[in-house]
Each structure stands twice: as C-alpha cells, then as structure tokens.
Amino acid sequence: MRLWRPGLSRIVQLIVTLWGASVVIWSMILLAPGDPARRLLIARGIPDPLAEDVAAARRELRLDQPVVVRYVRWLGDVVRGDFGASWRTNRSVLSEFGDRFGATAVLGVATMVFVVVFTVPMTLIAARWRERWPDKVMQVGSSIGTSLPSFLVSLVLLHVVVLEWGWGQVLSDGSVGSVWLPASALSIGVAATWTRLLRGGMVGVLDTSLADICRSRGAGPWRIMTRVALPNALVRFLPFMALTVGALVGGAAVVESVVDWPGMGAYLVDAINARDLPVIQAYVLLATVAYVVTANGADVLARRLDPRLGIER
Amino acid sequence: MTQRSNLAFTQSRLRWRTTLAVIALAGVVGAACSSDDSSSTVADSATTVADTTAETVAETVAETVAEAAATTVDSADNTTPVSDPSSTDPGSAEVADDPLIVLNSYEIAFIDPVASGGFWLYDFGGQENLLERKDDGKLHPWIAESVERVDPLTWTITVRDGITYGNGGEVDAEGVAASINRQIAERSGSRNLIPGGVATVSGPLEVMLTTPEPNAGVADALAERGAFPVYDVDAVVAADGVDEDTFADNDLLIGTGFLTGPYQPVEFSADEMTLGAYADYWQGTPPLPGVVVRRVIDEQARMLAVQNGEADLNLYPPVEAARLLTNADGPQFKASTIALQGVTMDLNLQSAPFDDVKVRQALALALDYDMLANDVLDGVFGVATGLYPEPVVPGIVERSTTDPERASALLDEAGWVQDGDGVRTRGGEKLSFTILRAAQDPETNSLAIAIQELVKPFGFEVELLTSEDFFTVLEDPEAWDATIFLTGLMSSSGAPYGPFFNKLTTEGPNNNGKFSDPELDALYLDLLASETDDERLEILDRTSEIVVTEQAYLIITTFKRYVVVVSPEYSDYVVSNFRRHVTFDTAPAA
Amino acid sequence: MTNASVVLDIATLDVTYPNGTNALRGVSLRVGTGERLAVIGESGCGKTTIARTILGLLPSGSRVAGSAIVAGSDVLALSERSHRRLRGTTIGYVAQSPYDAMNPLWSVERNVAEAWRAVGCQPPTGHVVAALERLGINDAAARIRQRPFAWSGGMLQRAAIAAATAHRPALLVADEPTSALDAELASDILELLDSTSVALLIITHDVHLVAQHVHRIVVCYAGRIVEDRAALDICEQPRHPYTRALLAARIEPGRPLGVPLDGDPPDLSQPIVGCSFAPRCPVAVERCLTEQPGLVDGVACHVVNDRG
Amino acid sequence: MRLGGIGARRRTGRIGLIVGVVIAVLMIGTVVIGSITWDLSPSALSLTKKLERPSWQHPLGTDSFGRDQFARLLDGGRRSLSIAAVILAGVVTISLALGVLAGLAGGVVDSAISRVVDVLLSIPSTLLALALVGVLGPGLVSLMIAMITSLWAGYTRIARSLTIAARNRGDVLAARQAGRGWVATTRGHIVPGVVSQLLVLATLDIGGVLAAIASLSFLGLGVQSPDAEWGSMLSESRLFLTNAPWLLAAPTAAIVLTVLAANLIGESMHDRLVMERTR
C-alpha cells in the first residue's frame, strides 16, 4: 500500500477551481442593478451626485473599458494581493479586513473550542450508552440544536443573559472576555451537527471487527471509546469538519452583525447593506480560498492518517 | 457611568493603544523634531497600556493630544504652543472623569473636510465654522467675530483673535481664506452654495469673499454643516502628499491637529473614532476628557447598550423608543425642539396619475398630517404645515391641510370613479400608484406603510417599491409614481437656499418629479438677491403656497426632529436642532 | 470444575440474537488442554456465534442459555467486568481480516503492545520484537515502527497472533484466521497457531485446509452440531449427509456452498422441529422431519445412526 | 457527507418521523385553515391599538402598527413555506435538467457542467447567498435567485452521478435494445429515479432553506415590509422585546418548530434511503 500524496494534478485542479470561482465572484458586479458608478457614490454617502462626480467615478471603476479587460486587471491586482479599495472609505479592503481579522479569529477559535468541548464528551456518552437514554436524549438534543437558527440564539442570549442577568455587555469589543456570546450562538448548530455525525462515526467504528479485537484483548469500553473509536471516527470526520468552516463563515456574518461583534462578518453585512462591492467580492473570494484550502488540506491529512480512506472512495 | 462601561472603554482603548503610539511616533518623526520628545510620547503611551484604570486612560487621552500637538507645533512651525487660551468664557471648571461615548449609526468614512461625507466632525465637536446657527435658529459668530455683506457681491469676514488649531498654529486670515478656497475648489457641495466665490486676505484677521452674482445665502453657507469649516489647510495638504485630486487619508490626518474644535480626532478606525480634548481650546478647557464615537449599525444594539450603561448617547434611535423608555431613572428619550427636516413625497409629473394636478391635490388633501406625525410616528415628529417649518421661518403661513371630502370631490372631478369602497377607475384604468422607498430609512418605511393604508378608502391603490438603486430608478419616468425620503426644504443647518435650487427649480438636480414652474425659478433668483428677512419670508411663503396648495408638486408628510436617547448621566442633555450632537457645552448632568 | 484438563466446556448452549435469530440451538462441545478443534460450517450455521459467546462479544440484548466454561469459569454467569478479565489473558482471539484487526492510526508495535496496555500493563522491553521474530517476521525491530498499511496481510496476521497470544492464553479462538490469505500463507499461519497455544478453537468453512492441523472437527448446521469426530476420520469417512455434502463441495473463499445441495438453510428465526438438515437431505426419512436426532458416536442423524 | 451508524438509529428515526410529521401537519394546517378562516388583515393598520397584549380578539397581540400579529404570523408562514417550495422546486428542476444532460451527454458537455458545479461548490454556500442578495439588492426575487444559485450545484452533481449509474442499469439497457429512443428512455427510466432521490435531498434541505430565509429576512435582505415573514417579523419587533415579548415568542416558536419538523422528516427520509441503498 502506497502512501497517498496530493499530486500535481490535484493542485492544478484546485487552481483551476479557484480561478473559476474568481470569475463567478467578479461577475457578481455585472449582476448588480443600476450604474456601478452611482452605486460607488451612494456607498460614499453621495446619493444625488453631480454629473462630473459620476464621470469621475466611472473612470475610477474603469467602466470605460471592456468587461474582459476589467476582469483581467482586477485578477492581476488580486494575484498581487491588491483587492482594491472599499467604496465607502477608500481604504484598501485588505487593511479594512486586517483591522477586523483579530476579532473574527478570536470568535472562530472560541467557537471551535466550544464545539469540541461540547461535542467530544457528548459523543462519547452517546456512543457508550447507544440506544439507551443518554443516546436518545443526545439525539433529541441534536435535532433541536440543528433547528435553532444562530441569529435566534444570539438574540435570546443577548436579551436573557446580558440584559436580564446582567452578564457581559451588549457592545462586544472583540476581546476574549466577551466572545462567549457569539461563540455559543455559533457553536450550538455546529456542535449539534457534529455530535450527530461523530456519534454515527463512532458507532460505525464500534461495529467493526477492530473494536471486537480490542474488546477481546481485554480493553474496557472507555478505553475502546477514547483510544480507538474516537480517533478513528475523528480522522474520517476531518473532511467534514473542514466543510463546517464553509458554513461558519456564512453563519459568523449573521451572528456577528446581530451581536455587534467587530469582526469581518459584521463588516461584510455592513458592506452588503451599503453595496460596497469590492468588499463583498474580496470577502467571498478570500473565504473561498480559505475554504478550499482547508477542505483539501483536511482531506489530504485524513488520507495521510488513514490511507484506507483514499482507497475506499 | 457604570463600572462595566469603564471596562468596555478601557478594553477598546487598549486595542488601539498601539495604533495611537505608532501614529504619534509617525507624526512626530515625520515632522523632524527632536527624537527625545517623540520617545517620551511613546513611552507615556506604553506606560498606560499596563495601567488600565479608567481614570488614567481618560487623562491620557487629553495628555496625548496636548503632547502630540505641542510637539508637532514645536517642530514644524517653530512657534510656542498657546498655553494661555484667549477665552472670554473659562468653560466648565471641572473635567469629567470619563469620555462621552456616543453611538452612531453611520460610518464616519472621512475626516478631510473636502471628502464626501467629511462633515462628521462638525457633529462631534471637531469642526468649527465661521458662523454658527444656534438653537434659536439665528446665526451667531463662531470662528468669525463678524461676517458682513458690504455690497451685493462682497462679504467681509473678521476672524476672532487668538484661536488656534489643534497643532498650536494660529488661525489667521490666510488660513481662513485657504479653507474657503479649498472647499470651493474641491467639494461640490460647498461650491454649489457659493458658486464662483473667491476668498482673499484683506488684513491680518480679515478676509474678503466675493461672488460673481448676488448671493443672499453666503452667511448661511458659512454656517452650513461641513461646507466651510476652518482648518489648517497646510497640515491637510502636507498629510495628503502630492495628489491634489483626492483627499487626505484618515490615518495621515489623525494627530495632525488640523481642526479648531474642543475635541479632535486622536484615533480612528472604521467602527470607532476617539476624539481627545484639546486643552488649549479657545473657549476654555473642554469639560470632557474625550469623546468616543462608536458605530453600531444595529438600532436595537444601540438602544440596549445605553440601557445597559455601556454608552451615553444613542443617535438616530427609532421613534418607538419614546414609548419604550418610560423609566424615569433609566435612559431618556430626547428630541430637538424644532422639527427641521421634511420627509418629502415627490410626485412624478411625467406620467399618470400625477400628471393631473387634481389627483396630486386630492392625495395631499387625503393625508391626515396630524395622524402621520402623532399616531404613526408617536408624536416624535412634527405635524407638516407646509414647505418650511414655522420656527425656522417665523411667520410663514400654514399650507398643508386635510380635507377628505374635497379630496374625494377632486378625484370625482378628474373622472376617477369609485364603486363602493374599492379602487377608483377611469376608462378601465385603476387609480393606482407606486411609492418608492429608500431602503435605509426606518421612518420613511413606517410612513409609506401608513400612507398605503390611509389612502385606500379614497380609492387609491398603492404598491410599495423598495429599490436598490433609488436614484437610477428616479431617472426613469416610467418606473415610479411617488417616492418618499428624508430631504427637506431646509439644509441641516437651517438654510433654504441649496434645497430650493435642488428641489424646486427647473434645473434642480433633485427635482425628481420634473416640474418646471417659471414662477418658482423666478422666486429662486429673488431669494438669492433678497436682503431682508421680510423679503425672504414673502418669497418662501409664496413658494410654499405654489408647491403645496396650488400645484401640489410635492407633499411634505411630516417634519422630522433630531432624537437622541441619553443615559441617566446625561439627563439634561439638549438635542441640537442643527445636528450639533457634541459641543463645547456638552457635559454630564451636575 | 469438571475436569482440569478441559479448557473449554460448552453445554446445551442456546443463543438468540436481539433480532430473533436463534443462532445456536443446544450446542455442546469440549476442548481439552493441548487440543486443537475446528468448528466447520457454512456462514450462518452459528460457528461464529460460538466464538462470540466465548469472548462475550454478543450484541447487547442477546438471550443466552446453557453454560460455557472456560478454564474453570462459566463465562455466561460472569459479570461483564469479570469476563473482561479473562479476555486477552485466558482467552486469546485472532480475527478474520488482519487489516481490520489493526488500528490504522497506530504503528504495528503500538497495535501489538495494546495486548498488554489493554489489561493495564506494559509489554516487557523487547518482547514485541521477539514475539514477532518468533512468528517469522524478519527485521521486526525496524518494521514495527511502520503503520499497518505498510505490511502485507500475512505479516499482519502474524502480528495479530502475537497480540492474541501475548499472555499465553489457555484457549485461543481463531475466527476464519486464514480466509484473507492465500493457501500457502494460510498453512503457515495455521502452523503458527498450533505452536502458540495451549488449546485452539478454529472457526472456519474450509475443512480441507484445517484437517491436517487440528485433532478434531465439529460440523455445524443451522445452529446445531451434526457431527463431532476426529479430524482424519471426518475427512476420510464423513458420516452425516451434510458433512458429506460439505466435503464434496470444493469450497473456495467467497463462493457459496456448491453443487450437491438443493434448497436453502432453514429460517433461524423459527423453531425447527426434527433434524435441521432434513428438508435438504437426500436420504431423509419421515422421522427426520419430526424428531430431532441426538449426537450418537459423534453423528446426529437418524438414518446414519439407525444404520449403525 | 454522512458517516455510518444509520441502522442503529432506525427506531429513533421512526419516532422522529412521527414527531416531525405531526408538527408539520399542525403548522401547515394552522397556516392553511388560519388563512381561510382568520379574517383580520395582516396589513390593516390600527394606530390606536399599537403593541396590545394577546387577547381574544388578537390572540398574539398587535405590533407597532396595531396590525394583528396572528394574521401576520399566518401570512408569514404562507410566504415562508411557499418561498421555500419555489426555491427547492427551482433547484430540483435546474439540477435535474443539467445533471441528466451531463450524465447522458458526457464529453465536453459533461465536463463543462461538472467544472461549473465544482466552482460553485468551492464557494461557501451561505456566503454566496448572502453576497448575491447583497449585490442584487434586498428583496424576494433576489433572495430566491441567491438561494437557488447557492444550492443547485450540489444537487446537479448528485443528479449527474445518479444518471450515470442509471445509464448502465438493466432496465435502461433493455429499453434501449427494445428500440426506444434516448428521450423516451430517459423520461421513462432515468428521470423518475433521479427525481425521487433529488426530492428526498430537497426534503432534507427544507429546514436549512427555511432558516436561511428567516435569517436573511431578519437581516433585512429578504422579504421586505410591509409583507410579513417570520424572520422579518422578528427584526421588526425585536425592539419591543422588553415591552412586548409576545411579539417575538410567536415567530421564534414558528421558525424553530418548522425547521425542526422539516429536519426530522428530512433525516428519517434520508436514513430510509440510505438503508435501502445499503441493503
């Protein structure tokens, strides 16, 4: 059996996919109704501009050039790391993101910590007493958990915990101290999904002869759970965890804007409301790159850890 | 202010502490001063990072500004900083412990006064104009000691002596003239108010402003928010570098002390701007250590934050807040005394049904203005009376009236027949129209929903449109029938000139209904040439009569007040009629 | 404690799975010290259930009656915890597929060492390497660092045997230990199994392969033992009609039992009256359908036994 | 991607299905019967009766315009459910057409469609929907376009692989040999199977789609006032949570219960399908 490696073809395919994504994302600007130059000015707070302002904006947006040229120049800039400037602030989109990346990173890490801290014990308990009441409670819980839209959870937390009980603050400052609120709102749905899937994965491993072998060696149920079932289920689960990253970048945008978390997600919603197209484009593009890289990385990692996965497919 | 909010402030301060240090350093080094001074500024800041008590932070805001300013002036201009402000009013004796925390819904994108949207510092005590319109509705001297019209084309501005920019530089005639000329040259909004205006220095503290045509609006223009602030043009241009076409980046302007106001920007990020007190401010020591303007988009979050003691002022709350804030010990809902801005419904004269004056008049008469202001908008807004609110144009006659019978009669006359209480028809065509809303504004949304329901009994069928690209839709005469948005006939500083031209003249860029009325065009020229208040009153009254009653070109649905929710600490806060949310006088309740 | 020389003593064992399948119906068999026994039959005959019962790996909710005494303790009467103490130490187990028996995330060394760690101790230094070398792995010291996917099936099965016999169990249960291997390797593995344990119970479908390695063969059909005799006797002279059919069929891995038999094995969720094999039996008489034959002289068949 | 252990959930799955169906029937029943029998208008203002508590006349109270909250809840439910139905119908239609086309045509057509699918799947779907609504401007049509765009690719990929699998199936080959044309064979033998599987997937997604509609409308990017929708009702009345909590309770419960019901039904249908396939 040969160790599976990410081949050149995979990398080429990845680049082609990302290029395709860049075409799709850039083309969104063409879908936007109305004159982009006017939209730029509206985004800058000039709703009723003079003709000369509009003309200047048209030049700024290179609207006088053919579509293909505009795309190619945009792509050229992007490849060099220049995502353009926000229509509202005229600042480089990357530096706008830079200001907010910290808060989003804190939220992302906290959410993952919450999810793992919740998921792993719950899954162990559910799989240990499968088909018994802890498992059933967990299944009902995860059904409900996946049905709670995160904006609702954050709304309820904000009102009950912050306002009624006086814990924490309404205006988050993006620090670790106030991250619990958006992180819990974001993690409930993810944790519910993960618990369900990971439980399925663990049960799957427990039903294999590997688990029987371990039992026959005299290992106790917890040892099998923690040393065999969980690690193996986690490896198979890695690609799915990466898919969660994709779901999180969307979910974070909603939650961040509900609880006023000063991160990139709230900034995106803000940009959407102001139709700040360069920001929207850059955000979606960067999120796509992050997502694709994470997903492929997780896939590669999982196959490295358990080469059988590559063969089964 | 509660403990929590101190903490919040401290934390957010900490985040930007490093930025501040870097900016201070850059400013100082950039000005090529002695390296000793610069390192001490940074060291001070660094000490504060470790020390996180609210008091220390608050003090440091003031210190840093003063220090940075002092250093910059020292090095760049080689003059001594003004240590003894020449103020007639010593200001508040006590300095409050905590900065004022203001929650704003808009993004403060730019601070260079020529940039679009670069007017925000006017609202928060940063920018000052030559003249100010106080809450009595009248113009008063501000940076100018006086502004006089010496002949129809010439104005003399006398600058108050002893005023300094935040960087210590003195405000003189040269600086004022440079400010005016840069604004006219590079900002279209300013240029439209004083087209062709040229400012020249005629004495150490005297500036002469000439216009090619008679312009009665010059004094008002000089008081206009964001139009003609006085600032250190050299500092801005130096920060801007070489590119003349654009404006200076915020990062480069922070800490340059280019403004004259009591609170000057020391930190800036897209979501938060910190203004530090300018210790050498000309009217005295500012009563607050600083002002933090934080952008919180969500209107409920702004409400809750003040309720939770995390902020002091919530700007742009929804009118419903008046009903919600009933606890006398909690946050208070405050409104300005004058309802200045009009929420206007423009009618499209280019297509049916509003090409018919009778239908326009009927619609205007069908609306119950009292109900719109008092029931729909909870009495927070003022009842519409005509084009101009009475307090700003004293003596103007009330023109908006409600007369359901006359409205129905007019529609009958116009040939629109109502069967029972259904939609009126004429020749098989329904009497229906669309109302186009700007998506952003909650009040216009409420009004549109209410109007839709209120005119139903008269046989109007209304469809609400929300358009993405509002102004592009407006240009297409077939795409809309009526539109509602916040754009009164008064500028935000209470002057009628600009809005008159924009909305009521044939050439006006915001004449969305595209009416062309020779009498209105003539009245505009009369207004510009007018010299006395009585003359002006007569012109504006006649205008209101034409626009509201005789032709019903547009409908003022309500007058909007500025409303603010204040924390208990600021229970005696007075809401400005002219958008000056933070002034030298703003301080916690005694 | 019937007999110290009996390592495994199963008596009237009856097992019903939670889904209602009555997989074992009154099975009795004994394995003495040093004895090697093969249980043979088609899949579904209950042979694997015997192994799982001994090891305590039946799914929860299974109903078990009878007794299964391993080295003096009745595993059916033991608590789960006490049963677990027997596993690994008193009962060793080698499974069918060596690939599935190895945790893919661990090195082979770690996998073998698990035999010690699972019961709360550490393998003595060098023990794992020595055991593997004894079982014919060359260069074991270097290779054990590799992970299982780098090993061949035969090598992995040796490693599995090393793990199963780590504590020199009194009884080694091997469930189809060679089905994943080619014939030559299979023979090697069987020899190794011979050499490692005190007593051996092999579960298999391949009678020809095991015949020369075991002392005795037990033939299972539909949850019952139909023949229980010395290995050579059975191979040379099968007596039960089913055994005869089984031997006549050239059984190859992955192929169902071939030509000589018509019909299907009975539905195990229903009670079976008479001989389980009667419906398919070419020599069945009326009595076979009504009366269950007992094991007489190692054969459970009315026809054969009556003939004498 | 779903991991194993499906069989173990069989019994719980059945209970889940029953609970899901009961909730769904209750919700849909209330919306349908309510829409017919409840004669208060969801849009009629009653400015003297703003923010009234629940009463016999207004079982869920009135909102800040004095509109009957129960009527709005019914109206919103009708709207949410029909939007979700339109979106999923659109997704199934598009993916059926493209997936079957790609699966049958093969070659350039197949690789072109597959590449586009790959590209769209590489963009996180929630984000794509959010961004598209942002670019197109808020509104019902934008919402539907955005949701369909963000969902069709996954379905197309599945439709394509189902088609390829079906192409070599016995009945299809037999039909071809019997001289039936591709169109007839496709319609008779391939499409029904693909459609049924896509519909199961769509059931599984109803919950997510409903939640997404509510989320986007809550952010002001979906259904626009004065039209009622559960998410937008929440954002309209969240200001009154302290003074009029009943305004939030009803839409919240409606969203959670509907999504829960949809998820329970979708999951058990999916499990059933997986079990059938593995058997």
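Which chain is which? They are A, B, C and D, in the order written, and residues in each are numbered from 1.
Note that a residue touches a chain if its C-beta (ideal position, glycine included) is under 8 Å from a C-beta of that chain, and two chains touch if they have at least 3 such contacts.
From a predicted model like this one, the values you see are computed outputs, not experimental measurements.
Engineer: Give me the set of chains touching chain B intersected with the set touching chain D.
Structural biologist: Common neighbours, chain B/chain D: A.
Engineer: Between chain pairs A-C and A-D, which one is joined by a greater number of C-beta pairs in contact?
Structural biologist: Most C-beta pairs in contact, of the two: A-D.
Engineer: By C-alpha centroid distance to the whole-protein centroid, which chain wins?
Structural biologist: If we average C-alpha coordinates per chain, A lands closest to the whole-structure average.
Engineer: Between chain B and chain C, what is the gap in Å from one C-alpha centre to the other?
Structural biologist: That pair's centroid distance is 89 Å.
Engineer: So, what's the distance in Å between the C-alpha centres of chain D and chain C?
Structural biologist: Here the centre of chain D sits 53 Å away from the centre of chain C.
Engineer: Taking each chain's centre as its mean C-alpha position, how far apart are chain A and chain D in Å?
Structural biologist: So the centroids are 21 Å from each other.
Engineer: Find every residue in chain D that makes contact with two or more other chains and list them.
Structural biologist: In chain D, 136-137, 220, 238, 242 touch at least two other chains.
Engineer: Among all residues of chain B, which ones touch two or more of the remaining chains?
Structural biologist: Within chain B, the residues that touch at least two other chains are 468-469.
Engineer: What pairs of chains are touching here?
Structural biologist: Those chain pairs which touch are A-B, A-C, A-D, B-D.
Engineer: Write out the stretch or stretches of chain A touching chain D in their complex.
Structural biologist: Residues in contact with chain D: 16-18, 20-21, 23-25, 28-29, 31-33, 130-131, 136, 139, 143-144, 146-152, 155-156, 159, 163, 197-204, 207, 233, 236-237, 239-240, 243, 245-247, 249-251, 253-254, 257-258, 268-269, 271-273, 275, 277, 280-281, 283-284, 287-288, 291-292.
Engineer: Show which residues of chain A lie in contact with chain C when the two form their complex.
Structural biologist: The touching residues are 1, 208-210, 212-220, 223, 227-228, 231-232, 235, 305-308.
Engineer: State the interface residues of chain B toward chain A in the complex, per the touch definition above.
Structural biologist: 4, 8, 11-12, 15, 103, 106-107, 109-110, 116-117, 188, 246, 249-250, 269-271, 294, 296-298, 301, 304-305, 307-308, 310-311, 438, 440, 468-473, 502, 509-510
Engineer: For the complex, give me every residue of chain B touching chain D.
Structural biologist: 299-300, 303, 318, 320-321, 323-324, 371, 375-376, 439, 445-446, 449-450, 452-454, 464, 466-469
Engineer: In the complex formed with chain B, which residues of chain D make contact?
Structural biologist: Contact set of chain D toward chain B: 43-45, 47-48, 50-51, 64-65, 136-139, 220, 224-226, 238-240, 242-243.
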